[in-house]
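Here's the structure we're looking at; comments come further down.
A, B and C label the chains in the order they appear, each numbered from 1.
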Amino acid sequence: MKSLTEYLTFEVKTRRAFVNITNDVRDLVVKSKVKEGLCLVNAMHITASVFINDNEGGLLHDYEKWLEGLAPHEPTNQYDHNKTGEDNADAHLKRQVMGREVVIAITNGELDFGPWEEIFYGEFDGKRPKRVLVKIIGE
Amino acid sequence: MKSLTEYLTFEVKTRRAFVNITNDVRDLVVKSKVKEGLCLVNAMHITASVFINDNEGGLLHDYEKWLEGLAPHEPTNQYDHNKTGEDNADAHLKRQVMGREVVIAITNGELDFGPWEEIFYGEFDGKRPKRVLVKIIGE
Amino acid sequence: MKSLTEYLTFEVKTRRAFVNITNDVRDLVVKSKVKEGLCLVNAMHITASVFINDNEGGLLHDYEKWLEGLAPHEPTNQYDHNKTGEDNADAHLKRQVMGREVVIAITNGELDFGPWEEIFYGEFDGKRPKRVLVKIIGE
């Protein structure tokens, strides 16, 4: 069994952002030399997500607006978590809707993707360096 | 390490539907001859889900109604994504709530399931052929 | 390839609760002797979740309140599922928001976690024994 472990670091300039990381992951699949296996990609921080969806700017804006409706940032004192001095409780909630991780099949040495699948890092409490883990196992 | 890769195709006649795919996946576990391992089942389209829950018609109806409340189809012009000519932005949102994929343990050559676990394909933008990937690795 | 399969049982005294199971999983990683691999942790019941987030009491209370807003328990007759004699339809919905499972990388024989990642069992219909599956594969 082969395995590869890599850490990607992202520092977005805004509180919230979506970053397309598909090519980063694709490069690591090549580097791993795994032909048949599984690729785990997960946020290592609990106010961020990794998810798979469409690389279309309008949709990413829809996600932003929708998540703000489901778990509003303001007023920050509506959340008990923010009594700790944080103001990011909403980010912990948004991350649960979008998910922590994706697991992707590797077939014939490539991410086995449908036509529109792209991998995104979803940042909900940015302005600082945060990591994504890529773990590949297989043969 | 053994591995198996298969693609299931579904074409539902309605915009939204839930299809029980448990037996399809079970058959593939047998075919794989994997006794101990992991089974990934994921939608290959970004307006569909694979999830595990109860095979009970009332509950599936509750999901349908609940998701429509969280991310309504109408009015379609509330979503930027639909400015591209699509009308399926809501399907992209619903899919995030229900999830893209499940990872299931294989133990003694079988899906290692609790008493009520069943695997569903959740379609949120149907009326066309769409695929689900099953990837099994193990020994 | 090594593998390990274990079942954890939880019986919480209340309808809803969050239980930190990080140390249980950590112990199983040691027991598995896997140095590089994947660890799947999933609820075996469809009214419970396994998720990764912050071990902070205020946040867990925020989740409880937020989920109750997204999928209220009362009135129980708003859900078709409850016509079967159950009163737990809301628990099936809450579980979808928080997720069934997590997949965690094992690197150098340890859970490869960011600084604040902790694993929780989320119970949404308790007062009875329910199981969590831990499956580890790797080398």
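Following the convention adopted for this analysis, a contact is a pair of C-beta atoms (placed from the backbone, for glycine too) under 8 Å apart; a residue touches a chain by one contact, two chains touch by 3 or more.
What you see is a predicted model; the values in this text were computed from it and never measured.
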For chain A placed onto chain C, the superposition rotation in degrees, Cα atoms, nearest 5: 120
Interface residue overlap between copies chain B and chain C, same or different (over half shared): different
Separation of chain B from chain C, taking each centre as the mean of its C-alpha atoms, in whole Å: 20
Multi-chain contact sites of chain A, meaning residues that touch two or more partners: 1, 38, 70, 97, 99, 103, 137
Touch list for chain C against partner chain A, complex: 1, 36-38, 51-54, 56-59, 61-63, 66, 70, 97-99, 102-105, 107, 112-117, 137-139
Residue ranges of chain A touching chain C (in the complex, touch as defined): 1, 3, 5, 38, 40, 42-46, 70-71, 79-84, 89, 92-93, 95-97, 99-101, 103, 131, 133, 135, 137
